[in-house]
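Two complexes are shown next, each including chain A; its partner changes from chain B in the first to chain C in the second.
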Partner chain A sequence: MIELGHYCLIACFLLCVYGTVAASLGGYRGNLPLVRSAENSVVGNFVTVLVASVSLCWLFLTDQYQVEYVASYSARDIPTVYKFTAFWGGQAGSLLLWALVLSSFAMIAVLQNRHKNRHLMPYVTVVLSGALTFFMILLTFATNPFDTLPVAPADGQGLNPLLQNFYMIIHPPILYLGYVGMTVPFAFAMAALMSGRLDTSWIRSTRRWTLVSWVFLTVGFTLGGTWAYEELGWGGYWAWDPVENASFMPWFFASAFLHSVMITEKKGMLKMWNFILILVAFELSIFGTFVTRSGVISSVHSFALSNLGPLFVVFLASSTSFGLFWIFYRSDQLKSEQRMQSFLSREATFLLNNLLFVSICFAIFWGTVFPIISEWVRGEKITVGPPFFNKVTWPLGLALLTLTGICPLIAWRKATAKNFRRNFLFPLGGGLLSGLIALGLGVRLLVPLLFYSAAGFVVLSIFFEFYKGARARQVIRPTHFLVALKDLTLMNKRRYGGFIVHFGVAMAFVGIISSSFFSVEKLVTLKQGEQFELRHYTLTFLEMVQRSDPEKDVVFARLQVFQNGEETGKLFPQKHFHHKSEQPMTEVAIRSTLRDDLYVVLSSFDEKLTQATFHVFINPLVQLIWIGIGIMACGGIFLFFPDKKSASKVTALRNRKVVRDEAA
Partner chain B sequence: MPTPKFLIAGSLIVGAICYLMFSGINDSMIYYYSVSELMQKESELSGEGIRVSGYVSPGTIHLDQQLSQVEFVVSEKNSEGSLPVVYQGLIPDTFKDHAEVVVEGSYHSGQKRFHATTLLAKCPSKYESKGEEHSEEIPVAQRVN
Partner chain C sequence: MKRLSTLSALFVWCACATLWAQEPELSEDEKVSRITGNLVCQCGCANLLVRSCGCPNAITVSQEVRKLVAEGTSEAKVFALYEEKYGAQVLGAPKAEGFNIVGWILPFVVTGFGTLFVVAMAKRLKPAQEESPETDRKSAGISEKYRKLLDQELKDW
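Then we have the complex of A and B:
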């Protein structure tokens, strides 16, 4: 199995090199058999990487500790499911997962396009095979998961208990699907540039693949946040840690692209901009993988670079220059077909929206790499913490949220007073009203008030649009309002799917702002039987209990919870002491309601188990974040499906052609 | 080319965003020192908000249950100098003897003590001997605000 995996990796590497060369020659000379052969090699890549991955899984499941990677991340007594997930517990395995996902995406892209986009496909194959070549170089020469130890240890070193939970099973693969997904739109965009066929056909494929990546990134970093919230026990879900930021950055560029592409399709503007967005999104997804895997920034010590650092830098630099070269080479063909006419137009607000996405991303990037840059430039390591990110992102986020309401409603070219009255009066009133309601509920801080008003404005504008659209349909074809609503949404998925995403965005914003501004925390030490109060909750410390199972000792506190004086249940914050690990595991107890989360951490306790210290948080509206992001992801999936309308348009066109042919 | 009015508006917006970023950096930047660097600049850094990294000297952790306060000494592996730290707040699971820690707070040369407001600890054990895993730096007592 070890040899099999190893040879598969080498075979895949050779196939990748062949695919890259064959596809470029085939594309350049218009040699179809050579292109087909390169496309077949993409299928071969998938098969070889799949066999290698299955081998690695098998080595994990059968405890083959002569393999260094297996010995480092697994052990005999960890549950089977974690032996499986230990696959991506370390560097070599996660790169193999990258390669597996990339090769399967590449195969899907190639097979999907066997009979369409033929002018693009040779170059798509070049880029996909080229990117995979890089990862195969890493896997075969720099960090091979099948490297063996001279002497097999009796047992493995085990998997960090922090990584042994549900979120760590699904979070890394999903995030990787998002990161890797950005390679495919990049390949289509590059193919359009290389082939010189810059009509809208590349946009279709690129947009859909970007959506795929966008959905996975959204879900991926949210799961990371949920994991941090439920496992790390510091009461929050986002710490602006470099690795978190890395997963966030490509998302902004993907979002920017998904918006700007509409302007290109409708108005023929922002053409070059789209290519730049896709290029940067791709580079940031590679950078994200690099940050996650190399620890270049998160490492406490400067430049604790793994051996992968230079290779990643070379790949980032070469792929960026490759992309920029082609963008400038075709810059004549990328001129705008129209000029912007007014600030108060949909074109201008979309441009502003793009500027904001890119700025937020740049600010996050700047804060993330600042320690490295300051060390290079000034010789001193300077870090910027969460205050920097919070300070910079809130004004930009507020502007972005407000635009979420404005962009879809404002008229193309130039908004008129009539457009304003018709579309904005009602939502603006709603926004004002929601601000006043928040004020009435006791919110006295300006920033949250602004956000609540903006969110109210957005939500109402969305409801208003759905309502107006459905009413308009009812006029044409009298049906029930709900039927009209359904038809409306299904007929114009891009517009109404976008509204669904925006609704989720507004909800998530409300949750983020509320939990950031209005959470409280308290550190208390209680003796058995004592009580303490925080806002509308009262907690009674009943007792400490100790329990053992074969794997670990568990110590937990029993707390009775009263809400507004009424008994509402018990909470059991715990500490686990795994026998194999030196480090205790703190298990947070969370009581979630829509209104707030009561979040209790068992901080420490005395030996007699009569007294314990608790860290208690009340985080308002955290659930709205998860629900809102869930809605965003669903909206994204909805957007992926083609419009009924466009399908019917195609048939209509075809029918017309048939009629014309018959007439002739 | 875009018309002048869009160029002006665009550069105004970009300027505002740049201002936001640079003022943000200035307001929230924290110098990062090792223990020995701090010792050299002891008097000059007193009272400043800084970040220090090092290792927990074994046997120096004293936990005050009542105050939920912990006192410990941070030192470096290959050099002299040790830094007594006092910290109140949530203690990460990975915090123990020999652990690699980052403390954020300020040093008071009068008391010869570092008052930490944030304590990050990295597990010293076998788990992340190779590639880094992002669970290693565990933010505690940091709040989104």
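Then we have the complex of A and C:
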């Protein structure tokens, strides 16, 4: 299996090189057989990487500790599911997972386009094979997961206990699907530039890929946040860590692209901008993995210092130069077909929305790299942590949330006073009302109040649009309101799916703002039988219990929880002492309701187990974040499916088919 | 438009009223939480704030901060004490002075320039006019070659 995996990696590397060269020559000379051969090599890439991946899995599952990578990230006593997930627990395996996802996406893209987009496909194959070549160079020459040890140890070092968690089973693969998914739109964009076919066909081919990538990124970083919240025990879900930031940045550009393509398709504007967005989104996805592996920026998520940093820098520099060259080369053909007619138009608000996505991304990027720049300039180490990011991003986030409500309501070309009156009055009143409700509930801070008002405005604008659309449909085709609403939504998924996403965004914003501004925490030391209060919760420390299993020793506290004086259950915050790890692991106890999360961490305890220190947090409306992001992902999936055709369209299509059949 | 103006004015009024009403008197717990939420734990746990980090070092610092707050030490003084002890990296965000100002303002400068760009684009307004059939064809993605072919076919037909 070791040899099989190793030779498969070499075979894949050779196939990638062949695919890149053959597709380049085939595209340049218009040699179809050569292009087909290159496309077949893409299928070969997938098969070889798949066999290598299955080999590595087999080595993990059968405890083959003569393989250095297996010995470093697995052990005999860890559960089988974690032996499987140890595959991507380290650097080499995670790169192999990247290569597996990339090769499978490349294969799907090639097979999907066997009979369409033929003018683009040679160049798409060049870019996809070229990108995979880079990862195969890393896997074959720099960090081979099949390297063996001179002497096989009796047991492995085991997987980091922090990674032995349900979210770590699915978080990395899903995030990788998002990151790697950005390569396909990049390949189509580059293919459009290289072939000079700059109509909207490349956009039609890539919008869904970008959407897929966007959904996976959204779900991926949310799972990461959930893991941090439930496993790391610091009371929050987002620490603005460089690696978290890196995972977030391509998402902003993908979001901006998904908005700007609408302007391109409808108005023929922002053509060059779309290419830039896709180029930067792709580069940021590579930058994310560079940050994780280079050791340039200190992060809790970083792999050990490795020699891969310079290789990533070379790849980033060369792919950026390649993309910029082609954009510059075709710049004459990328001019907008129309100009904006008014600042008060949907085109302008979409442009502003793009600007805000890019600005927030820049703010995050800038905050991530500023410690390095500052150290170069001043020679002094500084920290750019959550206080910086929170202060810098909230004004931009508020503007973005407000635009989320404005964009769909404002008219194309030029908004008139009548348009404003007809579309904005009701949602604006809703925004004002939500602000007043928040005031009535005791909110006295300006920033949350503005966010609640903006969220209310967005939600009301969405409901108003659904209502107006359904009523209009009832006029055309008398039916029940809910049927009209269903038909309306299914027949224009792009518009109404977008509204579903926006609704999720507003919910998530309310959750984020509430948990950021109104959470409370307290560090408290209690003896057995003592209790303490925090807001409407009272906690009684009943006892400490100790138990052991073959893998670890566990110490946990039993806490009785009372809410407004009524008993609501027990919580068991724990400390795990894994036999193969020096650091004790915290297992948080969380009592979640829609209103708030009671979050208890067992910080320390005395040797007699009679006294313990607890770190207790009350985080309001955290559940809204998960629900909101879930709605966003569902909206994204909904957008993916084609529109249901109206009855008249179906009849027309059927008639056309009958005519064609008769003619035949 | 009148109703819209009234609503907007009311909204602005509410925002201003809230601005004046903010900064309520903080309890000792809230002051400690705010300070520890702006100090970085120096235990090596990569940029976790003292408020969030559950390590023994963070517990010690939290207790020190509570003691200082109880003694009436101001927030600025607490930060200065810790900066003196650990250096500037103990602060969760760089102080807005010297080169750090670039760090704070650049994201807003970029956004500002971007907004100016959008406004400049809107200033080069095209006079409002009905879209010509030519524009419609272009926006429908029909190339010149196919347009000619279509015209020819229509003519022949």
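By our rule, the second predicted complex is superposed on the first by the 630 of 664 C-alpha atoms of A that agree within 3 Å, B and C clash if a C-alpha of one lies under 4 Å from a C-alpha of the other, contacts with A are read in each partner's own complex, and residues count from 1 in each chain.
Going forward, contacts are C-beta pairs under 8 Å (C-beta built on N, C-alpha and C of every residue); 3 or more make two chains touch, one makes a residue touch a chain.
Every value quoted in this text rests on a predicted model; they were computed, and no experiment measured them.
Novice: Answer with clash or fit: chain B and chain C placed together on chain A by superposition.
Specialist: In the superposition, chain B runs into chain C.
Novice: Let me test your reading of the model: by the given contact rule, A:417 touches which partner, first (chain B), second (chain C), both or neither?
Specialist: Touch status of A:417: second partner only.
Novice: Quick one: classify A:611 as touching chain B (first), chain C (second), both or neither.
Specialist: first
Novice: For A:601, using the defined touch cut-off, is the partner it touches chain B, chain C, both, or neither? Pick first, second, both or neither.
Specialist: both
Novice: Output check: A:236 vs chain B and chain C. Expected answer is one of first, second, both, neither. What do you get?
Specialist: Once the two structures are laid over each other on A, A:236 reaches both partners.
Novice: According to the stated criteria, A:385 is in contact with first (chain B), second (chain C), both, or neither; which is it?
Specialist: both
Novice: In the overlay, answer first, second, both or neither for which of chain B and chain C A:577 touches.
Specialist: After superposition on chain A, A:577 lies in contact with neither partner.
Novice: May I ask you to decide whether A:449 touches chain B, chain C, both, or neither, giving the answer as first, second, both or neither?
Specialist: After superposition on chain A, A:449 lies in contact with chain C alone.
Novice: Looking at the overlay, what does A:157 touch: chain B (first), chain C (second), both, or neither?
Specialist: Once the two structures are laid over each other on A, A:157 reaches chain B alone.
Novice: Give one of first, second, both or neither to describe whether A:359 is in contact with chain B, with chain C, with both, or with none.
Specialist: both
Novice: Which parts of chain A are in contact with chain B and also with chain C?
Specialist: After superposing on chain A, chain A residues 233-236, 239, 241, 298-300, 339-340, 343, 348, 352, 355, 359, 362-363, 366-367, 370, 380-388, 391-392, 395-396, 521, 523, 586, 601, 603-604, 613, 615 contact both chain B and chain C.
Novice: So in the complex, which bits of chain A are touching chain B?
Specialist: Residue positions touching the partner: 72, 89-92, 94, 143, 157-160, 162-163, 232-236, 238-239, 241, 243-244, 292-295, 298-301, 304, 306, 339-340, 343, 348, 352, 355, 359, 362-363, 366-367, 370-371, 380-388, 390-392, 395-396, 515-517, 519, 521, 523, 525, 581-586, 601, 603-604, 606, 611, 613, 615.
Novice: Inside the complex, what are the residues of chain B that reach chain A?
Specialist: 2-3, 5-6, 9-10, 13-14, 17, 20-21, 24-25, 27-33, 51, 53, 63, 65-66, 68, 88-91, 93-94, 96, 100, 102, 104, 120, 122-123, 125-145
Novice: Hey, which residues of chain C end up touching chain A in the complex?
Specialist: 1, 3-4, 7-8, 10-11, 14-15, 18-19, 21-22, 24, 29-30, 33, 37-38, 40, 45-49, 51-54, 56, 59, 62-63, 87-94, 98-100, 103-104, 106-108, 110-111, 114-115, 117-119, 121-122, 124-126, 128, 135, 138-139, 141, 143
Novice: Spell out the residues on chain A that touch chain C in their complex, using ranges where they run on.
Specialist: For this pair, the touching residues of chain A are 199-201, 233-236, 239, 241, 266-268, 298-300, 337-343, 348, 351-352, 355-356, 358-359, 362-363, 366-367, 370, 373-374, 377-378, 380-388, 391-392, 395-396, 413-414, 417, 420-421, 424-425, 428-429, 431-432, 435-436, 439, 444-446, 449-450, 453, 520-523, 586, 601, 603-604, 613, 615.
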